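Dropping the structures in below, format is structure tokens.
Both complexes shown next keep chain A, but they swap its partner, so chain B is in the first and chain C is in the second.
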Partner chain A sequence: MDLSSAKVSGADKLDLCRKYFLGGFALLPFLWAVNAVWFASLAFRAPPFAEQKAIRQYVLASAVGAGLSLLVLIVWIVIFNQYRADWGAVADAMSFNIPTGQP
Partner chain B sequence: MAAREEPVPVASARNMGGSRPQSREIQTSTSSSSFLPPGPNVIIRDPNHDGPAPPLNPPDRTAPSRSRSEPLAPGPPPRRGRGAGPGPEPVILDEEEELDLKYGAHHVIMLFTPVTLCMAVVVATIASVTFYREKDGVYLVYTPFHEKNDDVGSNTWEAFANAGILLGVIAVMTFVLIFAYKYKCYRLIHGWLFLSSLLLLFLFTYIYFGEVFKSYNIPFDYISLAFCLWNFGVVGMICIHWKGPLLLQQAYLVFISALMALIFIKYLPNITTWVVLGAISLWDLFAVLAPFGPLRILVETAQERNEQIFPSLIYSAGVIYTLVGAAERPAGEQDDDATRNAQDTESAPGPPRRPPRGQRTGSTPSPHDEADGFDRQWVRQNQNQSEASSQQRVIPPPRPLEMEEEEDRGIKLGLGDFIFYSILVGKASSYGDWNTTLACFVAILIGLCLTLMFLAIFRRALPALPFSIAFGLVFYFATREIIAPFADTLSSQQVFF
Partner chain C sequence: MLVRGFLTGLLLALLAALATGKRLKDRMYQPLITHGFCFRRTNGTHQFGCSNSMGGDVGVVHVLFAESDLDWMLEQGPHWPYMAVVRPSLFTGANVERMKRSGKIAGIVVVMNEALANDAPDGYSDDQSCPNQLSSLYWDSQGQCDPDEAPWNPNGSGMLLESFDFPIFLTRHENTTQFLLEDCFNAFNKPHEDGSARDWPLCAVELDAHMYSAVSTETCLRRSNLVNTLNPVKFCDELGDFSYFTFLKAENTSDPSIVEEDQSVIVVSSQLDSITLFDLNEFGADSPITSIVALLETARLLAVNPPDFQGDVSNILFSLLFGEAFDYMASQRLVYDMAENQFPRKYDAEKYPHGQKPLFNVTRINQIVEIGQLFNQKSGQKVFAHTDTEFQGQELLNDLLSAARRHQLDLSAATVSPSKGLPPASSQSILKAQRDIPAMVITDFDDQYTNPYYHSLFDRPKSNLNYDHDQGPDQEVVQHIGRVASTLADYLFEKASSSRARVPTFQANYTLVNELLYCYLVKPACPLFLAVANKETPPFYDPFPIDPFPQYVGVDIKTQFHGIFSHHLLAYFTGEIVEELTNNLEDCQAPDDQDVFSYMFLKGESAPSNWTGEKPCNESVSCGYCFKTLSFRKESKSPAFVIEGYDFKSLNYSSWAESVWKSVNARIFLKGAPSLEAGFFAIGVIVFVFSLVIVFWLNRHASEIFEPGTRTNSTESSATTVSTAGGAAGRPIAL
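Here is the complex of A and B:
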């Protein structure tokens, strides 16, 4: 899919951007991140076209959503690793991989 | 051989279909894994593909060189075409051959990156994750013999039997795919491809990251893992099967191939791997070149129907350009282009749209211009040479296969090729000798270059495995059996110190 192609109309781009944005709500912040990066130049650097304003909004919202999700994920990982030893068996059950070696 | 299309607008009937994606000339080899359907591992070059990505094409970067009449002007480049245009002329054809070699070289570099990346992932994994190196007594169903005998003879015999069985499975699967395609069971094929990529993107990725985390001792919890895997997998499915950034799609395809190669390296018995590599390149040769070779049928059918071969089977290199183009594109040109494009589709969509592209690329000289070692001077020299020599050559009549006019979107390489290249290099590295690994890596790239050169000469779908695998095998065994012991002896005798 090539966004810079002249054959892709503005409406199509908007539709795609919207679908990516909506798809992100299915716990898919990576989709938001992709959306934000992919459409960024179209939304902010490309010469103005009819749908640009809407695309810009979606791109901004996607970027915010992706950033927040990343933050939440990092915070969770930090918390988990901080308290893993304290939580005992519960944390062990939650662990995909338990590091070996020195505690 | 094909005629070159002149820059003048030619409103032929063929050109009227400029807006639909057209098929291309393809270079194929087998796919063949139990998971990736036995599809085409294809190197396709689609010259003049009026597909979704017109803005930037490899030929245009060096567009000026295409036209002898205006050697350095950044103006409209005459496009090469196939069986089209105002009549094939010997000189033009021959010049095109030269240019094909040139773009062949460019394409080689376009393919080096993904192939190298894929091999790098595999080699790095093999080197750091012991799971993929060690045999734990589990094998694929397709290899019923496990080479557990004491004598080499029986093991070799078993390896050949395994390879035969595996090849049979591959052949059957390929024919199933061809029949499904021939009779337009697209649902079956898409479902199949969907399932295989689902399996790779979720299950095998899960196993892979499990082993990676284990070997790097990284603590990870199931909640984050589920979250990450869900994101990774779903975005991958969207990019591969629906719409997504092309760079991301390429990355996913490379990763999938690497995973597949790792699976093969782990689960194939030792000697069987080498025999399979040899057998598969022979199969590739047959499938692509024989008159009834399945992949040839696939390619030709796809061309007849003006369709793309399934994107989940093929890595396409041309798309990089479109990304670069999007970045380099001067503001204000887009609307221009759009209107021009709209006009084009109404009247004669082919040639008139080409000039803007040439201007754009001509005005923004990029590092790519000389990246492949062919600068303008070289081109000019060669043009002179070809002028001198072209008169004597014989031009074969255009093949029916190449009759269609397309826009160049660059070259394509089947995922199966990625997989088997990586298997060879990964297997070589699994013995822990970096000399051997590097030798195999270089050998495969040499083979790839050679294949692409032949692609420029023969201008039809070619198998990508035989040269590379042959070189790879020769380099592997030569390095392992001769060069490495020799070097060891030299260093133990301290010849160099």
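Here is the complex of A and C:
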């Protein structure tokens, strides 16, 4: 969908933005990130239109969701790398790729 | 025209000649030809050996030919990490430990060219001062070996049980050694007279032997068996091979006289393997070859003059155990198989209606005569019989001693036995299962190893045994081993015969002993190994190597030729020729409805007279003799890998595994100053950033710099031409 096209109505844009936002709850934080970036200029920079306020809310919520998910992911990666060796069999079972020659 | 063509051709040819076509990589690096490297092994709880970071470790070369060089490198040298190039006599446990602790070492290259081949320390062993201590019968009890107070192996450095995070390589290559010492170190790195370091560029070496396994055998096996990884990787292989056995007399389950718990079989055993820090460099002479040769000759003597087995003893079992250097792996497996009713083979009356070898349990063992290290220059011709602290067979020992006297063998009872028990020996595993079996271990030492180079690179025939094939059968080591063999044959014959039997005069074949030592220690392509070759061995399977066969037990997926040839010799010396199958390789198969004996096709020492093939006999695999033999092989892999759900932390069984590695690489090159390298890198980064800025700026101001309309593609430009042409004509054209 070409968001800059005049043929796309504001309601369609809001609908798409909402779908992306809801889709993010299916453990797909990347959808939130895409949503936040993609609709950012429409929500904050474009000339005002009827659905802009609602889109703005979805964009903000998506950005927060994506940010939080990223934080959680980073924390988990740090913890996992820190304790992988200590967890032994459990950590090995969680790994897709085990580094060679290391505990 | 012709002249011009000729001149052009000449010019092209000259250009081609000028272009060397040598790759830049090859011009930068000089290969470091190596003959072995230290690799990682694991046991149930720890990792040992060497590994390095992925892609290899680089260090500036420093040659250590005197202790002072080591001091300079670790205390003054400014260019660390260093790659220590070490002569063998300085490669001692203490020095390596010092380098390891300093943290200034990227790796070690041991140089052992012709000139340095005998540059051994006064005494050195890669193994521990108390070998196989954790699996010892005496662990945590009376007789336990104390590393600090008169240990069995006083020269033990314990290097095999250390973990190094840098690579250690060995080279014997003459040119490589010269290049390292002269063209590399002396030309670029050797410190100035006043002890100050040379300046960059310096000669450096990169070593890479990155190991896959880590932590312990349990961890690496678990990781190898993971199913959820995207790319399944094998991290390690279990150690294991085959142990080889032969009974002196055929036994069949159909024979009612066989009783399973009659304590009537004498076990004569020897360890088959040895170990050093460096892969493919396990050429032990005193340990284990002297004992293997003595056992083979004893078996041969008794096969020629077999006892009547009319007394208490019903049979003799000769065993060559492969893997004993690793916590008695092979003997532990033997005892385990016996306990599981799998030795020699599980009963299967359906498959073998004509009978099989009766089950053999520890309760059938009458006594154990184990042959250990037998001779080195320091021990001379003295040998000792060791016994357990709870030994109950004084009269057996006395008989053995008097047999020795009959053969002028200087054998005495070990003085330390009553308090210290047996030295490291396979018998310990069997005594663990049944302590009251009388066991005697014959070795060349009393309270401590006389072998100064037990399990090391220096346990070699010339330096340690003073062995030289050309000196013939009269040399000391050959005579000595022969006397041990004839003594044992005499003793065993007496024990295994009725009192009426006349003991023959056993006289070892010294020429044969000399030939055996030659095959095992000097040149594998020797007459005796050729005599026991067949289609599964060199020279028919692979060519013979120049060096002797390595004696390392290796991983379970590979069967070592060292063991295979020992098996063939055992069969060759004790088996009998099936005349009608001579030169008939295809039909040399024992009936498969029985498991009492088997057939083995071997070349033999002289060609059969009726060979009619096209090729000469020594080139044809189907020229030879078919031997009927009672010998057989059994897997020597530790029970730890057989028992379902074995607890690797329990120390009950040996649990050694060898790491997997993919590539091994070693090369020499000239390394520039780190500041120069950093400078080059900085310039690269600056150029990159600068180019980004320029492109960005140009893009921005493109319309001001370039004439508008020129940045078009071909179809557009033709349309534009039409349009302008139309415009010029003053008529608007709708496009």
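Convention: the second predicted complex is superposed on the first by the 100 of 103 C-alpha atoms of A that agree within 3 Å, B and C clash if a C-alpha of one lies under 4 Å from a C-alpha of the other, contacts with A are read in each partner's own complex, and residues count from 1 in each chain.
FYI, a contact is a pair of C-beta atoms (placed from the backbone, for glycine too) under 8 Å apart; a residue touches a chain by one contact, two chains touch by 3 or more.
Given the structure is predicted, the values throughout are model-derived calculations rather than measurements.
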{"item": "Touch count on chain A, higher of chain B and chain C", "value": "B"}
{"item": "Touching partner for A:87 - first (chain B), second (chain C), both, neither", "value": "neither"}
{"item": "Touching partner for A:44 - first (chain B), second (chain C), both, neither", "value": "neither"}
{"item": "Chain B versus chain C as contact partner of A:73, first or second or both or neither", "value": "first"}
{"item": "Chain B versus chain C as contact partner of A:8, first or second or both or neither", "value": "first"}
{"item": "Which superposed partner A:34 touches (first chain B, second chain C, both, neither)", "value": "first"}
{"item": "Overlap of chain C and chain B interfaces on chain A (superposed complexes)", "value": "95-98, 100-101"}
{"item": "Touching residues on chain A, where the partner in the complex is chain C", "value": "85, 88-89, 92-93, 95-98, 100-103"}
{"item": "Contacting residues of chain A [partner chain B, same complex]", "value": "1-8, 16, 23, 26-31, 34, 37-38, 41, 45-47, 49, 73, 76-77, 80-81, 84, 91, 94-101"}
{"item": "Chain A-touching residues of chain C, taken from the complex the two chains share", "value": "40, 51, 54, 210-215, 219, 222-223, 226, 228-231, 233, 235, 659"}
{"item": "In the complex with chain A, residue positions of chain B that touch it", "value": "19, 52-55, 210, 213-214, 217-225, 227-228, 230-232, 234-235, 238-239, 243-246, 248, 319, 322, 325-327, 329, 331-335, 337-338, 340-341"}
